[in-house]
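Shared chain: subunit A. Partners: subunit B in the first complex, subunit C in the second.
Presenting the complex of A and B:
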């Protein structure tokens, strides 16, 4: 078990480093994908709700360390995202491209709605604007990343 | 997932959940009141929003803990303990804080390894004592338990963080007692401490001696054993004042300040005085939510963290304070009910540990705000502002609810 936890920590550390170091370079008009959400979907499919929630919480907290304020926000969004991904994946037996992308899209939407909803709470625009301008584009961008990941590492998206 | 393990969400202890929600709500009200005044900085005004985020994240964490099968909790106990000890050593070298080494500071995230150590020590102790091979008449087994608790306690004291060290150390006797350690041995450990504290006044010393003699007589042990214990206690009591008088003034000051009995009138003494004024001025009904003058005019220091109980006392009055204390009582009572009914020894010991941790926090924090306990800077569970503390307490509640759901499993 300790070996598995260690493997997990290492994988998510790499995801985090890529997310913090590389993903900002892919940002287009403030729209960026979230690699950690893809990692969470992977963990939810392979190991279920507990692993996904705890991993989401810890990965989010680590991501918060790179944020400037409202620490805990990524931890909350990613813990909920982990739960959503595990809930959607709970009865599925096969995880083809469509199923995986469907789960990723729903997870990313919930994640971005919580994160951006709280982050831009004081901002001077409507909920509709928030969803159209930030939540949906960020989720779709994450979906593209998930599709690439699935095409490259299809075997990883299988239940353990 | 729960259905697969033959347990149902319907069996979850809803009273405990209601208690936690009530306490968090009172805490949020108090935090809102303390952080929303024209004199507070923008960073402090964000505290209310942050606390809500932390609570929601903590609720997710607690849900994950509730779902976790017992074998995983047991399996992770020793590894988590090992990691927490390593982190406690590391924080002494690279940790930050105002003149202390308590926190790992990573950008805006301040992570306190002592919080992890509380849960890790509790799980490790419960796992060790739940092993069938343990014999609590064996000095070796008791010694291992003492070492298991004293190592993190000593490291936390080194940070220094007296409050958290007291909390971690407090785990030992209740858990050992619940595991089957003879009450007489618990008494043997506790009685010299009582004697030591009471030895400075002839009346308190006399009362302590009478209490000790009564307990010794009721224990019905052999006469030589009783005499040995009595002599030990009288010896401790007789030597304490003379040893104390031999100490140099600066040594006395250091000890008194360390245990919080000597208070700087501009520091901890000021805090306690203002806290007492705040609670006293609340009267029976309080001054009303967000109308506390001590709070609004910022006479009360650390009001949204360690002294939040005083804010409740000032704004909600006696009834508010009673409501908070009663809610804690109901929460801990229900948790003890789970400990009593749980069939699995690991679960029952784990719940007793959780009850001890939450209970000691409540006693020390509320005692500190009314001036009958040293100011050690430990937060009031679920009410005080702070992510680490809230997440630790939510995890403890998760462990209690987990045990409640699986209480009939062996």
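Presenting the complex of A and C:
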């Protein structure tokens, strides 16, 4: 049990380090993927809602410490994202590429809507602009990352 | 029977544990998030307070019916009007002697104000504020003076659409140009977290005694003159200090703020000369 928890924590620490250290290099016009969202989908599929929510909250807090000046923003977005991923994955038995990408896209959209919605709350543009300019591109970019992850580690996307 | 009920409630909690976890995570994240001092959070807080105020307004009609709130509000409004008139009359009386000699008459416009209900108090935060149910829609602007029937309470610090934040006199960043009503001794009144409300910058040789009322001075850029601030407790002279520290007992009971009055008269109409203003207010 302890070994499993340790392995889980180690995996998310690596996800976090890659997200903070490497992913910013992939940013194109302020659009960047979120590896932790992919990790949350993985966690939701394998371990269920509670693990995904708690992981989302803690990973988000850790990410906040590195990335944004709004402490708690990623924690909020990722806790909700963890729940959404688990909710969508709850009755599925098989997680093929299409199902995984569908769950990831919905999770990323909810995550980015919360995160970018709050981050740009006082910005002088409409909700539609926010969605078209930030939420959808960020989500699609995350989707690309999820597709690569699924192709490379298809076995990991299976319920435990 | 009791066991069955306990089992059923346990079952209910277990079957919905995901939702409880999510709720706890959201509450924790929002609590952390709202501790940031970023402009986005200020805007969000403003929106949240506005919505809560709207909700409270809709729910409070029943309470208002039973408590005759309107009648109370009208009476308080009248009391404030009388307090302001009284202050002005007393000021006029004292001023009369000086003005007669100087032959300089200055006509003051009667002060206009709007009554506001206190929705929330954020005493533990800096600035020390309360939130009132008047906002930009009701013509509120930053720096408008806020009073109670007893005297000066603070000023508008931030304006949302339907609500405003009032910075109370108990905030350490609040200061106001003041003078004693009898001796016309000038000074600055501010709040010290350790010493309480005090008037500083008063020369050692100034004549001021316990019980004297301290009011806003004519040199304030924001506040009309003559608003009661507090009563002198006991002037203290410290060795080697060129100025006195005068502890004051606040005129306003800040622990009982329910209704406030915002003076909407433009500051320009009661300023003597802005250039002469000696304080930061």
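Definition applied: the second predicted complex is superposed on the first by the 159 of 160 C-alpha atoms of A that agree within 3 Å, B and C clash if a C-alpha of one lies under 4 Å from a C-alpha of the other, contacts with A are read in each partner's own complex, and residues count from 1 in each chain.
One rule holds in what follows: a contact is a pair of C-beta atoms (placed from the backbone, for glycine too) under 8 Å apart; a residue touches a chain by one contact, two chains touch by 3 or more.
Everything quoted here is computed from the prediction, not taken from an experiment.
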Would subunit B and subunit C fit next to each other on subunit A once aligned, or clash? clash
Just to be sure I read the superposition right, which of the two partners does A:54 touch: subunit B = first, subunit C = second, or both, or neither? both
With the two structures laid over each other on chain A, which partner does A:119 touch: subunit B (first), subunit C (second), both, or neither? second
For A:10, select first, second, both or neither according to whether it touches subunit B, subunit C, the two together, or no partner. neither
Under the stated touch criterion, which partner chain does A:144 make contact with: subunit B (first), subunit C (second), both, or neither? neither
Touching A:154, do we find subunit B (first), subunit C (second), both, or neither? neither
Check whether A:65 is in contact with subunit B, with subunit C, with both or with neither, and answer first, second, both or neither. first
221-229, 293-301, 329-337 or 347-355: stretch of subunit B that collides with subunit C: 293-301
Quick check on the output: what are the common subunit A residues between the subunit B footprint and the subunit C footprint? 48-50, 53-54, 56-57, 60-61, 69-73, 75-76, 79-80, 83, 118, 121
Considering the complex alone, what residue numbers of subunit A touch subunit C? 48-50, 53-54, 56-57, 60-61, 69-73, 75-76, 79-80, 83, 86-87, 118-122
As the complex stands, subunit B meets subunit A at residues 1, 46, 49-50, 53-54, 56-57, 60-61, 63-64, 67-68, 72, 75-76, 79, 106-109, 387
Contacts from subunit A onto subunit B in the complex sit at residues 1-2, 5, 48-50, 53-54, 56-57, 60-62, 64-73, 75-76, 79-80, 82-83, 90, 118, 121
Would you tell me which residues of subunit C are touching subunit A in their complex? 17-18, 21-22, 25-26, 28-36, 38-44
